[in-house]
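Naming follows writing order (A, B, C, D, E, F, G and H), and every chain is counted from residue 1.
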Amino acid sequence: MKVYLSGEIHSNWREEIMEGAQSLDLPVAFLTPVTTHEASDNVGIEVLGAEENNFWKDHKAAKINAIRIKHGIEQADLVIVKFGEKYRQWNAAFDAGQAVALNKSLIVIHPEEFTHALKEVDAQALAIASTNAQALEILKYVTTQV
Amino acid sequence: MKVYLSGEIHSNWREEIMEGAQSLDLPVAFLTPVTTHEASDNVGIEVLGAEENNFWKDHKAAKINAIRIKHGIEQADLVIVKFGEKYRQWNAAFDAGQAVALNKSLIVIHPEEFTHALKEVDAQALAIASTNAQALEILKYVTTQV
Amino acid sequence: MKVYLSGEIHSNWREEIMEGAQSLDLPVAFLTPVTTHEASDNVGIEVLGAEENNFWKDHKAAKINAIRIKHGIEQADLVIVKFGEKYRQWNAAFDAGQAVALNKSLIVIHPEEFTHALKEVDAQALAIASTNAQALEILKYVTTQV
Amino acid sequence: MKVYLSGEIHSNWREEIMEGAQSLDLPVAFLTPVTTHEASDNVGIEVLGAEENNFWKDHKAAKINAIRIKHGIEQADLVIVKFGEKYRQWNAAFDAGQAVALNKSLIVIHPEEFTHALKEVDAQALAIASTNAQALEILKYVTTQV
Amino acid sequence: MKVYLSGEIHSNWREEIMEGAQSLDLPVAFLTPVTTHEASDNVGIEVLGAEENNFWKDHKAAKINAIRIKHGIEQADLVIVKFGEKYRQWNAAFDAGQAVALNKSLIVIHPEEFTHALKEVDAQALAIASTNAQALEILKYVTTQV
Amino acid sequence: MKVYLSGEIHSNWREEIMEGAQSLDLPVAFLTPVTTHEASDNVGIEVLGAEENNFWKDHKAAKINAIRIKHGIEQADLVIVKFGEKYRQWNAAFDAGQAVALNKSLIVIHPEEFTHALKEVDAQALAIASTNAQALEILKYVTTQV
Amino acid sequence: MKVYLSGEIHSNWREEIMEGAQSLDLPVAFLTPVTTHEASDNVGIEVLGAEENNFWKDHKAAKINAIRIKHGIEQADLVIVKFGEKYRQWNAAFDAGQAVALNKSLIVIHPEEFTHALKEVDAQALAIASTNAQALEILKYVTTQV
Amino acid sequence: MKVYLSGEIHSNWREEIMEGAQSLDLPVAFLTPVTTHEASDNVGIEVLGAEENNFWKDHKAAKINAIRIKHGIEQADLVIVKFGEKYRQWNAAFDAGQAVALNKSLIVIHPEEFTHALKEVDAQALAIASTNAQALEILKYVTTQV
């Protein structure tokens, strides 16, 4: 099963799930976006040249990152999106929308306090977890339970 | 051309665009979500029965609303998503993600201050407007300019 | 909005919903399967000639009915499936499966006692009603609530 | 050829077919749902927390199971659905509906007494078997006959 | 319901069905290929210029006709293909293949003597009629039977 | 039949075909891009604000125009692309590529001298015309010939 | 590249192409239908039980064979269909129609005398060969030419 | 990640990118069209027989080449199209159109002077590079950056 890990980039939740899956020897392959914040923000101007206007700087970066994100979501059978407490994280909800419309299974991880704000996303998810451990437990169940 | 108006529900931006289009006599039909906040939040328990747990109250409401939203996005040729300043508005980004994955044209309206936070969404949009008037101008151009 | 009414044929639930929608003047068009039991069972041999073996009699009838059912589900934006207490009603669940895979919104109506037996179907539905009146209420909400 | 084995979980029919295929060395890979009844029923509350209401207990379980079932049907070239004599087995017909709408080849196994009740499902199947041995024979034919 | 009438062009079977449907006032719209043999064979060179080689003469004609045939099959909900006794009629079977792969309902009309030769086509059809009257009867049933 | 007219904007070929179709009373509806060169080039900065860099000026304009072009191609059953002698006209070939991949029927109009340069496009077209009159003749044939 | 070899079963053309490809070491994998005529005709009654009526005998066989044919065409990047001189071979044209509608590349092999009868099929093919050697030559070109 | 390299065939840009990727050990597989100009132009008549008319000579060649190009674009996750200064290169824009409509990520390489002429293509690309080195840098970023 191929799993794309979308959302929060300021904690090590991806490593936690990937290492957990590895130590359980689950038959799962993971795909991720670029998670080095600075690399991700600057790739447009680093590769394709400077921009005076920040809008276009962001635009060029976001499009290059889209090559990787699009590939990740399209390859995946299952998309896990984590909403954390920092920043607006609209890109996480944007990824979730793409995943759902492309008919991927969706697992959402978020703290309980976001229940009302994320109700539309949760309504399309196949599991709403509050911890990384729960998401890992589900991966274990769907890939190894007889 | 069919246009779905997604996002902010605490201002009259939809009316502004719809009335503008009507007074210009544009060949455009509009689709919208339910925008009465309370009706939208309570429809699940109002119709299908009370829930003790707020999570399930929200869940039932969000799913019924999804019937309308899904229909709106799928019928539309063009989806306009407005991000305002109040609330987290993850559902707006979630709609935008669905629109893009379903291969709909996307116009985003947001204040300039959200440029960095919305760069992934903007990267997939065919126009990034900062005012309702600009969005209306684009509707006029794509439907009537010879 | 186009709505296909699938499932139980031994009660007047379709009429109840269609008449309710009409008296509320809802912008909804309904599609239905053939609901005259005998006509439906015999159409194969009536039109295409007798069969000695009941399997082939049923087979020919079910395929002709499939032309109508397939058309109904594919045209619909929303499929409502009612599970009643009589017979096995595998065709209702079969229609629900097709509706979900074709990405149609699904509303299920069933008595509470079927909750466990229908959990897989309910898990994919956008509303699980226990009465016809609730389904009608949802139709009203998604097509007329501002 | 990838084959998803859907339906009855209270007999060892899957093992019979999988072992038969293995002893014939057929080029077939099998996918299955979770078949441990208790694990399948309780996974929602075990992983994501208790529910007072049985409806939501079932709901959470059915959605997690859907991740596995959806993956199985979508990966498969051929779906074999067995209808046994116990329980209502609406989920078997629901899987069959999804398989057909996703354009998968469908083989149905059921006792002759269900011929009339399953006529709509049979009408879309490419083979209607009454024994596991027949289904295995077909797997052998379609993968090895020159 | 939109119906494309494919196959035999040397009898008046299309008129028979269309007039029958009209006199029964069935809610059916018909689409047809060009059935004037000579016009169909010569359209390529008539419109786009002469060819010395008959292969290219046929090629240019067949491609222009494909615009109409493709449109007819894609618009249709139901495709009726009639195999008559004259000529090889590979184009009828070719249309049937396209119809099936595009997920259209298929009705085949052919004399009993072709049963073995057409078994692969019949296997994918929802009705196999031997007369035009039977096909008309089915149209009546699927569009008007309550 | 819906027809999108793509390509050359510096001659009145669209008017010629549209008026021809009208005077023949063909059942054809036409869709076109914006053909006022200056409006098309400047729409981005006119509506969404000035850009210092010409690349971004063009970029904003091209994306707004894409809303109309995408709508035109997706609505069409048939796309007619005319290659004239002025400019590079990569957008004409780009539209033709989209049309073909979206499974639309394609008619190409170009002078004979472009035969070698356009061979890949011609290879996917259903007719290669050298004059507007021929394209009109084909529209007449596919919509009115009995 | 995966290639499905459809059509004539009364000559060794498949072996000729497969052995040719092997001796040239082409990176091509071949898929074929069952080509043992008797096995193919009788598989329905052999596996699923006798039928008095030849129509149903053929029907059951054709459906089981469809599992293999469908899998072959869907897996293939390229479908090669050979029309020989014996029998009506409607199934070959039926396979070609499915291949085209599923957007597979199509190569047709047939003697020149069938040019007029096969013009609709040829019009959708990417190559029309008259010998097996030509088809093999094309496989070599598209997979190994630098 | 699978990458199709489309466009210019009169420079060694493909080798430069492919060798660069190899020396960086990127997890990328490349697909290309036939780039030997003469082989590509003559394959139709070489394999399938002479034509008096150059149009048909080109036509037969372009269709055989389409088998390879279509396979390349459809297999690819990412299509890189290079526009050089020689010839009209409509086929490059045609490939880009197909890539976009098939929902592939698109990178365009072209000299700055083509900015205005290629604005419609650039508007749909996820990166617009002016050198091969930039395209390689992006491949490195999207496949290896953590």
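For the reader, a short list of remarks on this structure follows.
Here is the rule we go by: a contact is a pair of C-beta atoms (placed from the backbone, for glycine too) under 8 Å apart; a residue touches a chain by one contact, two chains touch by 3 or more.
As the structure is a computational prediction, the values presented were derived from the model and not from experiment.
In this assembly, the chain whose C-alpha centre lies farthest from chain F is D. Between C-E and the choices E-F, C-D or F-H, the pair with more than half the same contact pairs by residue number is E-F.
By number of C-beta pairs in contact, F-H leads when F-H and A-H are compared.
Here the spacing of chain B and chain H, counted between their Cα centres, is 37 Å. Distance between chain centres (mean CA atoms), chain D to chain F: 49 Å.
Contact with two or more other chains is made by residues 63, 66, 128 of chain C. Per the touch definition, chain B reaches chain F in the complex via residues 1, 77-78, 105, 107, 125-129, 134, 137-138, 141-143, 145-146. By the touch criterion given at the top, residues 34-36, 39, 43, 47-48, 60, 63-64, 66-68, 70-71, 74 of chain F touch chain B in their complex. Those residues of chain F that touch chain H in the shared complex are 54-55, 58-59, 61-63, 65-66, 69, 83, 87-102, 114-124, 128.
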